[in-house]
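Pasting in a structure now, in structure tokens, and then I'll have a few things to ask.
Going in written order, the chains are labelled A, B, C, D, E and F, and every chain counts its residues from 1.
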Amino acid sequence: MVGLLAAVKPIATPEVVWSALAPQLVMMVGGVLLLTIVSLVKGRLGRGAYAGYTVVVALVSLASVVPLWRRLQDSKGGPASLVGGAVGFDGYSLFLIATMAVGVALAALLADGYLRREGLEGPELYVLMMLSAAGGGIMASANDLIVLFIGLEILSISAYVMAAMHANRVSSQEAGLKYFILGAFASAFLLYGIALLYGATGSTNLAKIQAFLSDVVLVHNGMLLGGVALLLVGLGFKVAAAPFHTWTPDVYQGAPSPVTAFMASVVKAAGFAGLVRVVVVTFDTYRLQWKPAVFALAALSLLVGSLSAIVQTNVKRMLAYSSINHAGFILVGVQSGRVGTAAVLFYLAAYTFMVVGSFGVVTIVGGTGDGRHHLDDYKGLARTRPLIAAAFGVFLLAQAGVPFTAGFLAKLGVIQAAGQTHNWTLAVIAMASAVISAFFYLRIVVSMYFDDPAGDPEVEVEGSPLVPLGARIALVIAVIGTLGLGIVPGPFTHLADDAVPVITAAGR
Amino acid sequence: MILALDPLLSGDVGWWPEVTIVVIKVVLAFVVLLLAVMAMVWFERKVHADMTNRIGPNLAGPFGIFQTLADGVKFFFKEDLMPNRADPLVFRLAPYLSLVPAFITFTVIPLGGRFDGKNAGEITLPGFQKVTLLQVADPHIGILLVLAMSSVAVYGILLAGWSSGSKYPLLGSVRATAQMISYEAAIGLAVLAVLLRTGSLSTNAIVDHQAGWNWNLWTTLFVPFVVFLIAITAEMNRPPFDLVEAEQELVGGFHTEYSSIRFALFFLSEFMNVVTMSAIIVTLFFGGPSGPSFGPAWLRAILPTAWFLGKLLVFLFLFVSFRATLPRLRYDQLMDLGWKLLIPLALGWFLLLVALRVAADSDWNPFATGAALIAGLAGGGLLLRKAVRTSHARRAAEAEAGVTL
Amino acid sequence: MLAAVIVERVVWAVAAMIILGGALGVIGSENPVHSALSLVATLFGVALMFVLQEAYFLAAIQVIVYAGAIVVLFVFVIMLLGVDRFEVLWGRERALWRRPLAVLAAVAITVLACVGMLATTTELTGAPSATARLDADNDVMVIGRSLFTDYVWAFEITGVLLTVAVVGAVVLSRRPTVSAIDWDEFPVDEVDGEDEFTIDEPQDAGDEPTEVAS
Amino acid sequence: MGYLGGFAVTIRKFFRHDTPSGRVVTKEYRAGQGGASDQKRPKPQRMHGRHVLNRYEDGMEKCIGCELCAAVCPARCIHVRGADNDPDDPTSPGERFGFVYEINYLRCIHCDLCVEACPTEAITESKLFEFSFTNRADAIYTKTELVVGDDGRPQQLPWEDWRPGDDEHTSAWMRATAPAGDDSFEGIVAWAGELGYGVRAPEGGQPLERTEAEAAAHAGQGHDGHDGHDSHGGGGHH
Amino acid sequence: MSQSAYLVVAAALFGLGAAGVLLRKNPLVMFMCLELMLNAVNLTFVSFSRSLNDVGGQVSVFFVLVVAAAEVVVGLGIIVAIVRRRRGASADDMSLLKG
Amino acid sequence: MLAAEAVGTAFNPLPWMIFVPAVGALCVALLPKARVDLAKLVAFVAAACSGALSIHLLNLFDRGDGGFQYVVNNLWIPSWGIGWRLGVDGISLFLLVLSGVLFPIAIAAVNPGHDDKSYYAWLLVLMAGCMGVFVALDLVLFFAFFEIVLVPMYFLIGMWGHGDRIHVATKFFLYTMFGSAFMLVGIVATAFLHRQGSGGPLTFNLVTIATDQSIGTAAARWIFLSMALAFAVKTPLFPLHTWLPDAHTEAPTAGSVILAGVLLKLGTYGFVRFGLYLFPEAARFFAPLLLTLGVVGIVYGAIVAAMQKDLKRVVAYSSVAHLGFIILGIFALNVQGIEGAVLQMVNHGISTPALFLLVGWIYERRHTREIAELSGLQAAAPIFAGVFMVVMLSSIGLPGLNGFVGEFLTLLGAFKDARWWGVVAASGVILAALYLLWAYQRVFHGPLTEPNRGFREMSWSEGVAMAPLVALIVFLGVYPKPVLERIEPAAKALVAHVVEHSGAMRPDIPAPAAASEEGAVGTDGSGVVGGGG
């Protein structure tokens, strides 16, 4: 012990290719920078400045994806693993990061008007959004289970806080609490799964695990399968797949609406990012074992999501159940294994627009106090606010899967994926649930279009919800995205097809 | 395996001698510590009295030296009270939780042995012809053990306050918890600076590394020591950071409801903490038992211990003079000091040391590096200051606007 | 060496008892502070098992972080809020069928995990990493080296995680600026436990004079 | 260097006790053990010590058992029960007298509110604080112990450290102004004569605060103001 | 001594923690049960680390500790916010009464 | 043989027939609030342009060619093999023309009453969707158009309907969506099984898949079932017809017109194009089932229609019966049957909308459709009664009017290859005469009761709207050749395709392929199909 110091050899730290990490780093640095600026500037910046800043950061992150994508598709480039094998640099991660950046930008635009309306301070909300999205990006690009887990925690912890952010609504804080407890519960399962996988394979690095599994045939694979099962449980919680969905309605309902939009888009995308990369890609060799489990998750989510939503009268809650239903659809893609990843990616991209738009409308209609979410509150919206009603109609119909919207092609994509693996049962269940869910989307449409406003129409117009500029922009973008992905989907499906998840060992 | 904490045990000593030696060392250490604590109580009272124009204990024994003993006897025979609302189990448990960590910390402190760069504190046992250390154990994570125990020490106070089922103790213990947790960070950061120099967590190795006047005090450029000293004072809830028991506000704080031997245990643990923490300071920054060695063999054998005790005494005196001199801080001042001064300072200094180390390794110009670093640190400090001021200004504005609740 | 084995067995047994007893204490105590204390016991038991397995560094870190920070925070919050004498803080009374179900689930998890691991661990098949072997005497160094090579990315993003936690804590602990606006926002039957969430003022605040036990 | 200046002071004091009087402030007064100065320091004028129950000049008890003192006591340490006087042999003038009067000194905080509350000046506080007991029962002073003796002086219980002259400062001297708090009563006697003391002189005004003992000791020196030695020393940290 | 002994303890601890989360209603205790679960994971990691003679497991424990700390900070923050909010509301009621 | 060949003409009207109404819809939707009065004009112009294009197409159409003409073959979603593939043949030609004629008429004839802008916008979207369905040659594109028509129809019923419109609109939407949901699975399955069977790339090209016929028999039967379900709902085939009377009753008049005239044809057209063409063997296999359902529909529709008290419901149930005939014709699986079915589609698309228009006008005048409340209208409005008479007789199938030609051909086909069904179906003709004449008698004859005294005679604008329909009724009844000669090559080609790929012409002769299938119980004419692959 005497000569310890002398015995210390200099450590060869792994090389860091900063440029390849740019999308995540932009989000991280953007968040921390905002925090710093806010703490230094004595006078209040305009609240809009925060949202604008966040949008800019998200766009920069998005823009930084472009050259990386080019580099990736270049013949000399190609997927690689960075920072000592901890980060997977592939099209899949870039695609998801871009999707999440869009989600952040839209949610930030929504949040601006919301914070003004509710009289909340809020640079922290944007900070957390950016950091959370950075966590999502880390998850999407994780090449190591531990990195995945930490990314997940960054994502989730920010989300817990954001859900509990509305200091004047107890329901918001209760949502945060519920989300936190169940989220942490899920994390524990995930972590135990990671531990078991580590024990079974000797590493937490996905590339090493994959190599190990391809080299060795395990005689006793109980531990490995247990690990995968626990991973499924943990990530199932995150993506709100039944039967691990119980938190979703309460949390979605209680959380501030823009945050709900964020959770439904970014958090869900990140959860699926992890699910696909770990379960689908890494444990591809064990697909015969995990597929039935994912099948059950998907089928349950589809049915529970759609059936439970029918009886809801609270629109936010209904949308929460619908998000469970959508999780089921995406799980159909997951269940198809590697062939389904493109469909999953396309679905996530499409869903981002649809769901952010939907919750954007919910944000606006919710009114001060964020409490007007009953179906009756939407009565006659088409009279009082025709454009909002029209936008909401587009989002709802898109979620129902009406053609020429993003939702239809997203559903078609996962059904195709299921078809490719000849899993017709799941496809049929999915479509059946689509019909069921169409019912409750239509209920909202009925409220908006076919019912007369609850009170005097003139008064309603007076007191009708204000649409702040940010939300307006967000809704327009979301409508364009929803319809654009439905009418001109070619480029995006192409991107999704190119965004192949690849697990690369550290050497490359 | 787990007993490989002492060179003695790594040899082929055998099963029973092993246990015997360990037990003997533990008992010895305990006795020494208790004696030291008794002396410390007397020392504190006497010195404090002298500093405030008083006499101090002077009746029990010469110069009142047996005062502690007398007090102990008195405590022992006093009636033991427990409030009705107390949580009996925890109420009884708390004093021990407070005492044990203080003692465990002491076990990793090298009390003697020669540290001259050649033999790292090993002494040869007279009868055995075996080599051992003059410390109960030398785990290679020694300093972590110290930190662990200092963080566990919170429990005694916390639970004592809570379990009393009374207001003042609860307030005192809540204060204590916040205070101790806050200052632990500063302690850790200050210790990191030492570890950076030493490259080992073992207390023995740390002392050994300081042999030959190579004290961490100056190799870490003083600042960590200052931070550590202040933080450790707060960690022990010593004045001027004794808000935990602020008599004027809290009627004694967490131990208000304690009496008799249980109170004595708290009393004991507090002074034990003073002794052990002084010893830690000596170990970390002042080379522990190392020092000039001269004279005949017997003198050489006891000199290190003497050096150690001498250094220890300096710090004991320092702590007493703190108490005699400094007025108690207000609670927000306490927190501000910890969070806004000590922690940033310790962190910044640590970064500075790291950077200097890197610069030395990579053969950069040390002056340029140092200048750049100091500029960077100053910039960071200014930013922090600005942020703090901004926040104060905002709070003031909010208060003016009447935003309450 | 036999002695070492015996020591390990004995210590293992003691640690296991502490761990599981503590865990039962956490679940079973009515008083959250007792739960927290049981938790500390479990944590120490786990630290003991770490020591048994020569993970000294982790044992120390476990005590510092868990016992020294996390559980202290728990107890601190319990005291700060004065919520230490009653059980119902949140959530409605769980349906009765959930209790056996929960126990069943827990037992299932345990048994499955045990079976899975017992069936496998006798011939642990993992491929140990060639670069980072354990070294009980230098575990700090080995872990540190690993942290800055294989796990450097995880290490770095841990910084983000902590930032998030700090920002979150600050945001949450900020006092609300406006009064409540939605006490009746949701019908009672829609949100779990909305109506059950009642926090009584602590009954034991010491308004009554303390009687001296005699 | 402001912080370190304090250290200079304490360190200097550590080596040299340089009070204005040139001595340590501690006074040793161990009875009969011959300390440096076996005497107590004079108590501050308004010090609150243990209570006494006073009697009128004619020997009647002042206490009428109204229980106002018990009602006002924040520590709830006073227990009073009144009873009707025997018309033939009254204990106090008027209808009722304090039949039971107990003070629990384990709880008493010597706040003096009982004295303020008393309508008849029956309960007052002496300057005695050196009383300790070895069992809890002794801590409860009953009427037997509290009522002044036939000479009008407090009873000296075995565990109490009375010194000559201590028992002279027992009556309601500490009342700063008139009972109504109106300083227009200053200098006007507002209380009846007491057993052993007769009718006392009126209390001095605020600027003239001075105990009789001090007045005697420092006669002719004018007022020396506040000398601040309200502490009684003591070394223990706790 | 076989590593499986440790693993079994860990599994039992995990099960107990999970049961606690499901059984208890007090969120504070639920958090504690979550900590139990995380500790079980830690124990599992360390055991595997030893039997694989690989430091990765121990490093993972390190990260789990950090995550646990972060989680607790936020979770307790939420609880504090909730309780404070409730109290604040009752304070409002009182000020209403004062008129 | 039915291979798509791009006809190299400079101008291809097919995409424009879709785009023009779509753009028109956008224009109407974007009209400023102040100029709502322009909405009807813009809508009519857009619809009429599209309609004109369809009539122009009639002219351009190469009548001798049985294959697809004016084929557009662009990729829409390249990576999924989905294309923007359009084309027209004899079967879809007249349905296109029908749409092109009916929509302008519907727009011109009826005013919505409120929310004009959205009303016309939705109508134009509906038109674009219908046009798209009839020209789509890509499975997904077809499905997309097939589904998209739900949305405008849903809003039309829901916003401008009567009575329990919300319930009915939702019922309509869910019913049809329920059917098409399975069709989507079927379509995906078709594409993947085709890829698997043919080894080619993934494609949803109808012609390629139909030509290759590479899907296994059993799978094809399942897929056929899934698609048949969608079409059966849309058609509507007994017993999935329950949405139809409700929808007809509660829909606004224009909605009923379009619903009866065009939308119901989507189902029958789907049977022809995607049932027979894609899965000839399965179609042949399931023919008895569908024949039976069709015949049951004929009889049941007629009987129920006879018992209706609401005039509009009478017409609605008559639709059920008529569509039964169309199904009968289609699944007779011979040239006459199919020709007749297509012609009957056109006929039904002319006469039923005309009836709905007339009923709608009655409702506008009297605000009731109760047969019991109407009486002696002939006295009050003889021209109106006359027009009603003509249209009604066409619906009955009186020789000399168009209905006769279609029904005759259909029954001819049925007698040829599915005799017993034909026999039962023939009784439907009699029943149709029964209920329609009875209704006519009750409404127009009898005493002119007081409330009906003020019944207004047909106005000029109504007459202008009605004139082309009546003219067509008479023209097609007298001289159906121009229509039949364009249908015939396509029908022949289709029948040849079916014969080639199902192994036999007659359903009562088991095909070799079907015989080898396990569980393929022979159909003995009892109408019960056992097993099924």
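Following the convention adopted for this analysis, contacts are C-beta pairs under 8 Å (C-beta built on N, C-alpha and C of every residue); 3 or more make two chains touch, one makes a residue touch a chain.
Bear in mind that the values here come from a model prediction, so they are computed numbers and not experimental data.
**Student:** If I count C-beta pairs in contact for every pair of chains, which pair wins?
**Tutor:** C-E
**Student:** As a test of understanding: of all chains, whose mean C-alpha position lies farthest from that of chain D?
**Tutor:** So the chain farthest away from chain D turns out to be F.
**Student:** Using mean C-alpha positions as chain centres, tell me how far chain A is from chain F in Å, no decimals.
**Tutor:** 43
**Student:** Please report how many Å separate the Cα centroid of chain B from that of chain F, as a whole number.
**Tutor:** 91
**Student:** Once you find the CA centre of chain C and the CA centre of chain E, what distance in Å lies between them?
**Tutor:** Their C-alpha centroids are separated by 4 Å.
**Student:** Please set out, as single numbers or ranges, the residues of chain D touching at least two other chains.
**Tutor:** Not one residue in chain D touches at least two other chains.
**Student:** Name the residues of chain C that each touch 2 or more other chains.
**Tutor:** Each of 8, 52, 54, 57, 61, 69, 73, 78, 80, 90, 113, 117, 121, 124, 126, 128-129, 137-138, 150-151, 154, 158, 161, 164-165, 168, 171-172, 175-177, 179-180, 183, 197, 212 in chain C touches at least two other chains.
**Student:** Touching two or more other chains, which residues of chain F qualify?
**Tutor:** none
**Student:** List the residues on chain C that touch chain E in their complex, please.
**Tutor:** Answer in residue numbers: 5, 8-9, 12, 15-16, 19-20, 23-24, 26-27, 29, 32, 35-36, 39, 42-43, 46, 49-50, 52-55, 57-58, 61-62, 65-66, 69-71, 73-74, 77-78, 80-81, 83, 87-91, 93-94, 98-99, 101-103, 105-107, 109-111, 113-114, 117-118, 121-122, 124, 126, 128-129, 132-134, 139, 142-143, 146-147, 150-151, 154, 158, 161-162, 164-166, 168-169, 171-173, 175-176, 179-180, 183, 197, 199.
**Student:** Under the definition above, what is the set of chain B residues touching chain A in their complex?
**Tutor:** Residues in contact with chain A: 120, 140, 198-200, 202, 204-205, 208-209, 361, 383, 386-387, 389-391, 393-394.
**Student:** Could you list, by residue number, the parts of chain C that touch chain A in their complex?
**Tutor:** 90, 112-113, 115-117, 119-121, 123-129, 137-138, 141, 145, 148-154, 157-158, 160-161, 163-165, 167-168, 170-172, 174-183, 185-186, 190-194, 197
**Student:** Under the stated contact criterion, what part of chain D meets chain B in this complex?
**Tutor:** Chain D residues touching chain B: 3, 6-7, 9-11, 13-14, 17, 19, 24-26, 28, 233, 235-238.
**Student:** Quick check: in the complex, which residue numbers of chain A touch chain F?
**Tutor:** Chain A residues touching chain F: 342, 397, 400, 402-404, 408-409, 411-413, 415-416, 418-420, 422, 424, 427-428, 431-432, 434-435, 438-439, 442-443, 445-446, 449-451, 489-490, 493-494, 496-497.
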